[in-house]
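The following blocks contain the structures, represented as C-alpha cells.
Next, two complexes with subunit A in common: one pairs it with subunit B, the other with subunit C.
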Partner chain A sequence: MDVVLNQAFAGLSMASILLIIALGLAIIYGTMGVINLAHGEFVMLGAYTTWALQNHAGLGVVTALPLVFVAVAAVGWIIEKVIVQRLYTRPLDTILATWGIGIILQQAVRLGVGAESRFVRGPQWLSGNIEIGALVMSNYRIFVISFSLAILVVTWLLMTRTEFGMKLRAVIQNRGISECYGIEAKKVYSVTFAYGAGLAGIAGALITPLFSTIPTMGTGLVVDAFLVVIVGGLGSLMGTAAAALLIGEVTAIFSIVINDTLGRIAVLAGIILLIRFRPRGLFPSDIRR
Partner chain B sequence: MKRREFLGQAGAVGTMGLASGLSVPALLSGVGRAYAAADDIPVGLLFSLTGAVAVVEHTLHDAALMAIEEINAAGGVHGKQLRAIIEDPASDPATYADRARRLMIRDKCVSVFGSYTSASRQAVLPVTEQRDNLYWYPTLYEGRECSRNVMYGGAVPNQQQDILLPWLVENFGKKIYMIGNNYVYPKEENNYCRILLNDLGGEVVHEEYVPMGHSDFSSVINRIRAEKPDVIFSTLVGDSDVAFARQYRAAELDPEKMPVCSLTRSEIEVKAIGGDAAAGHFSSAPYFMSNDTPENQKFVENYKARYGADSVTHFVSEAAYFQVYQFKAALEKLDPANISPTEIRDAAVGMSMLAPQGEILIDPNLHTHLWPKVGQWQSDGQAKVILQSEERITPKPYAAYPGQQCTGDGLVKS
Partner chain C sequence: MQSRLLYDIIGLALFAGVILFGVPALFGYDGFELNTFSRYLSLAIVSMALALSWGTAGLLNLGQAATFGMGSYAMAMHLKLKASGDNLPDFMSWNNVEALPLIWAPFHSLTFTLLAGLLIPAAVGGLIAIFMFRARIAGVFVAVITLAFLVAFQLVVIEQQGLTGGQNGLTGLAPLVLFGWSVDIYSLSFYYLVGACLMIALVFGLYLTHSKFGLILRAIREDSERTRYFGYNVANYQTIIFSISAGLAGWAGMLYALVLEFASPTYMSVSFSLAIVIWCAVGGRESVLAAAVGAILVNLAEGRLSDVFVEGWHLLLGVLFLMVVMFMPRGIYGVIVDAGRAMRRKPVSKKEAQPFETSLNPKRES
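Up next is the complex of A and B:
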C-alpha cells in the first residue's frame, strides 16, 4: 500500500514534468500545426538561461522563472519571424527547418557555454519532504506539480477567455476569413509561437534542479512531449493534461511492477495500440480545418 | 566491411608508396620498417572532441596532450619529438575504427591513445590487432578482455571491488541495492560484486538497470525506500548518475544511513551534481584529485595552469596522462632506429613508474597494477580518501570467470 501511494505520487510528479514540457508544444503543434522539432532545445535554452542567471546574477530558480520565460519567448519570436513564418504552407519543410534550428541551438550552446553538465542549485526553501504516514513527497516536486497546473489554467484562460485567444481560435479555424475581419494572422502566430517557446523555457528552468543540464538534454524530452500531445489529441489542452497524467502514472506503475527499461517499452507499445484505435488521440478537438 | 578493409589496405600501400617517392623497395619492405623513418615519433590521439562522450573524452585528450607537450618540452625521447596526430571520432564507434585505421596506416603511428567507452574500444580492437599496433586505453572497464595490442591503464572489477566490498559490508551492512545503466559494464561489475558478496554473506536486495540517459529516478527512489538497503551500489554513468544523485538528495535520503557507493562517479560528475548533493557518498577508484603525492601536485598544478583554475582531474584523465609517460619510458629502453608497436609493448611490460596515484606497474597481461582507494565526497567537490589499499592490486580481468586467466601469452583456459 505504501509503495502504491508513493508510486502514485511519483507518477503525478512525472506527469507534471511531462505536462509542463508538452504544453508549449501542444500550442505550437496542436493549434498552429507546426511540427516544432526544436522544442526540446527551447527547454534546454530555458535550463541554460536559469544556469546563467544563477551564476552571473545570483537569482534562484523560482525568481528566474519570469526572466527565463521572456528570454526564451524572445528567441522563439525571432525564430518564428525569420524562418517558421515562411513555411506555414509547407508543413513538411518546417520539420526539416526546426530540426536544423534545434541542431544549431544545441551546437551554439556547446560552443558558447561548453559541453559539460552544468550545476543549478535548487531553491533552498523548497528542499525537504512532506511525510503523511508512509507517503513521502518532495517539496520541490509538489511545487512543480502545482506550478504545472497553474500554467495549464493560465494557458486555458488565455485561449478561451481573452480577446487574443479568440483571435487565435479564429485564425486556426479559417485564416483567410479571419484576415478579412481585420485580424493580423501573422502577428497572432508570432505571439503564439513565442508563448509556446516561453513555456518550454519555463519547463527547462523547473527541471534543472532535478536533471542534468547538458546541451543534448532536449533531444529525449521532445519525444516525450510529442507522445503526450499525440495521445492527448491535437488542439486540446485538456487532452494534453489528461495524456500527461495517463503516461506519467502508467510509466510509474510499469516501472515499479517490471522495471524502468521494460516499463518504457511497455508504455511505447501501449501508445502504438492507442493510436491504432484512436488515431486522433484521446480528446480530439472538433474544430473544422 | 570487407570492402572498406580492402580500401583501407589499398590506401595504405598507396600512401606508403607516395611517402617514399613511389620506389619499389619501399613497397616491398612491408609495414615493419616504416616506423622509425621520420625525424619525430608520430603518436595518435583518438579522443572524441564532439558528440555525446566528448564531455569526458575532452578531458582525456587534454591530459594526454599535456603529457606529450611536457615530454617534448623536456627534450623528447632520444632527441626526437613526439608528434601528436589528433583525430576526432565524434563519439561514433564506426568512426573510431576508421580513424584508428587512418592513424595506424596513413600516419604510421607507433601507438594510439584513445577511447572512453567500451563500445569504442571494441570497435578499434580488430584494427589494432590486424595492424599489430598498440592502443592505449585509459579507462576503467569491465574486464573479460585480453588483447595483446591494447594497453589497459584503468581498473578492472577486482581492482575496484576487492577492498571496497568487505569494507562496505563491515561498516554499513549486508543488504546491497544495485543500480546501473543497461549495458555491459554495470552487468559485469554487478556479476563480480555478487561473487564477493556471496563469500562475505551479503545479500543483493534488488538489482536493476535503467536505460542510458534515463533521468527520472522517482520510481527507483521509492523502491529504495521500500527495500531499505544498507548501501546503494551504483554503476550509473554520466547524466543518469547526475540526475540520480540530485534526486536522491531532493528525496532527503541520508548518506550516513544509506550511502551511495559508485564505481563511476568522479570529480567531473560531482561538479555537475553539486557538492551538497554529493557530500557523504562514496566512490571507489585508484585516483582522486585530492591525492597527496608530489607527482599528483605537479599533475594538478600543470593541468589547472593549462586548462583553467576550475578544471578538474579525475581517475580516467590521470591514466590518460600516465600512459603517455609509460609509452615514453618504454621508448627510452629501445634502440631509436628500430621502434615498432610490439617492441614498445614488450619493453613496457614489467615497467614500474611513479604516477599521481602511486607507484604503478604494467603486468605481462598488459593491464596495470593500481592502488585502489575509497573516497568520500566532501561539499567542496573533492574526495577525502578514507580507505586505501595497503598493497598494489594485481589486475585480474577474468576474476569473475574461474578457469580463465589473462596472461602474457593471451587468454589461458584451464
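Up next is the complex of A and C:
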C-alpha cells in the first residue's frame, strides 16, 4: 500500500510537468491547428537556460523561472514569425517543419553547449520532505504540483477573463469573421505561440532538478504531452488537465503493477483505442468549427 | 495522363541506367562503395513505399519503420538460426531460454522467411489500416496512431530479450544462401540483387499509381468524402494501399538486414521513421521514383558530408529539410514538374494559376 501511495505521488508530480508542457501544446494546436513537434525542444531550451542562469548568474531555479519564460517565449515568437506563419494553410506540413526546427534547436545546443548531461541544483529552501505515515513527499515536488496548478488557473483566466483571451477565442472559432471585426489574427497567433513556448520553457526549468539535462531530453516528453492533448480533447483546458492527471497516474501505477515498459505499452495501446473510438478526445470542447 | 506515363517511363529508364551501370562504373566496382550503395538502394525502397501511402493516398504513416523492422528481423532470424547450426542462438542461452521458441522454428526455412518478411508486415499494416480507416480516421490522427504503434512496438521488441536479443538486436549472422549461391554483400552481384528489387518495386509502384486504382487513391487524397459519395469504398482502398506499402517496407527491411549484417531495434526508432519521411519529402512524395531518388540523394549527402562536418551534419540536415518543406513543398519532383511546365507553356499569370478558393476560412484538419 505504501508503495502504491508513493508511486501515486510520483505520478502526480510527473502529471503536473506533463500538464504544463501539454497546456502550451494544446493552446498552440487549438488555436492554429499546428502540431508543434519542436515543443520538446522548447522544454530542453528552458532547461538549458536554467542551467546557464544558475552557473553564470547564480540564480536559483525558482528565481530563474520568469527569465526562462521570457527567453523561451522570445525564441518561440521568432520561430512563429519566420517559419510557422508561412505554413498555416498547410497543416500537415507544419508537423514536418516543426520537426525540422526541433532538429536544428537540438543540434545547435549540442554544438554550442555540448552533449554531456548537465545538472542543476534544486533550491535549498525546498530540500526537505513532508512525511505523512509512510508517504514521503519531497517539498520540491509539492512545489512543482502547486505551481502547475497555478499556471493552469492563470491560463484559464487569460483565456476567459482578458481581452486578449476573448480575441483568441474569437479567432479559434472563425478567423475570417474575427478579422472583419478588426482583430489582428496574425498578432494573436504570434503571441499565442510565444506563450505556449514560454510554458514549455517553464516546464523545462522545473524538471531540471529532477532529471539530468541533455539535448535529447525533449523528444520523449513531446510524445507524451502530445498524447495528453489528443486524449484531453482539442481546445479544452480542463480536458488537458484531466488527461495529464490520467496519463501520469496510469503510467505510474501500471509501472508497479506490471513493469515500466509494459505499463508504457499499455498506456499507448489505451491511447490508440481512445483515438479510434473517441477521436475528439475524452472531454471535447463544444466549440463550433 | 498519357504523357505523364511517358515521362515516368523515361525517368525510370534513366534512373535504372544510372543505378545499374553508372554507379558501379563510377566507383570502379569497389566492394565497399557498392555495399554502401546497396544500403541506399534498400532505403530507397522504403521511401518509395511511403510515397505510395503518403503521396498517393494522403495517409502520413509515421510508423513505417515498424514494418521495416519486422522485415529486417525476419531475415536476421533466418540467418541467425543458420549461424547457430544445431545449437540455440547465443543470446537465448544468455537469457536462460531453454528451447527454441515456437515462432523461431519456421524461420529455418528460407522460403518461409522470404514470404514472412513480405507478408507479415503487410498483414500487420492491413490490420492497423482496417482498425483506423473503418472508423474514418484521417489526417493528423493517422500520424498519431501510427506513431504510437511504432513506439509501443519498439518497446515490445526491446522488452522481449529472450526472443529478439533486446537492445543489442540480432548480430553474428551467417551469409544468406540463395539457390545455392552464397551471397557476398561486397560483390557486384549482391548490388544487382538489391538494384533489381528496387526496380521491381518501382515498376510495381508506377503501375499502381498510373492504374485506375491509383486514380481513385488520388481522389481520396483530395476529397475522401466526395469519393465516398461516388460509391467507392474508401476504407478498402486505403487499407489495400497501406498494406502494400507496409509489405514493401518489410521487403526493404530484409535487404537492409542483409546489407548491414545485423538487425537492431534502432531500425524501429521514431527518428528513423521520421528520416524516411524526410527522404520522401525531399524527393517528392507524389512520385514513387522521386521518393526513391530523394532517399538516395539524402543518404549520399549524409555519407559524404558527415565525413566533412562530423559535428554539424545533423544541423545541416535540419536546415535542408526545413527549406524543402517551406519553399519546395512538393520536393525536387515539384521543382522539375514546374520547370517543365514553364518551358512548354507561356508563363501563366499568378491569378489564373491559383485554383479558385475562398480565402475567408482556410480549410483545416479537425
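Just so we're on the same page, the second predicted complex is superposed on the first by the 289 of 289 C-alpha atoms of A that agree within 3 Å, B and C clash if a C-alpha of one lies under 4 Å from a C-alpha of the other, contacts with A are read in each partner's own complex, and residues count from 1 in each chain.
Everything below uses one rule, namely that contacts are C-beta pairs under 8 Å (C-beta built on N, C-alpha and C of every residue); 3 or more make two chains touch, one makes a residue touch a chain.
This one's a predicted model, so the numbers in the text were calculated from it and none came from an experiment.
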Does subunit B (first) or subunit C (second) touch A:184, or do both, or does neither? neither
Check the residue A:264 against both partner chains and state whether it touches subunit B (first), subunit C (second), both, or neither. both
Looking at A:3 after the superposition, I want to know if it touches subunit B, subunit C, both of them or none. Which is it: first, second, both, neither? first
First, second, both or neither for A:17, with subunit B first and subunit C second: first
Taking the superposition as given, does A:223 touch the first partner, subunit B, the second, subunit C, both, or neither? second
Partner chain in contact with A:87 - subunit B first, subunit C second, else both or neither: second
Footprint overlap on subunit A, comparing subunit B with subunit C: 261, 264
Which residues of subunit B touch subunit A once you look at their complex with the stated criterion? 52, 54-55, 58, 182, 208-211, 213-216, 218-223, 225-226, 238-239, 242-243, 246-247, 250-252, 268-269, 271-274, 276
Would you pull the subunit C residues touching subunit A in the complex into a rising list? 60, 131-132, 135, 137, 139-141, 143-145, 147-149, 151-152, 155-156, 158-159, 270-271, 274, 277-278, 281, 311-312, 314-315, 317-319, 321-322, 325-326, 329, 360-362, 364-366
Subunit A residues touching subunit B - in the complex, by the definition given at the top: 2-3, 6-7, 9-10, 13-14, 17, 115-119, 121-122, 127-129, 136, 138, 140-141, 209-214, 216-217, 220, 252, 255-256, 259-261, 263-264
Can you list the subunit A residues touching subunit C in their complex? 33, 35, 83, 86-93, 95-97, 99-104, 106-108, 110-111, 174-177, 219, 223, 226-227, 230, 234, 261-262, 264-265, 268-269, 271-272, 275-277, 279, 289
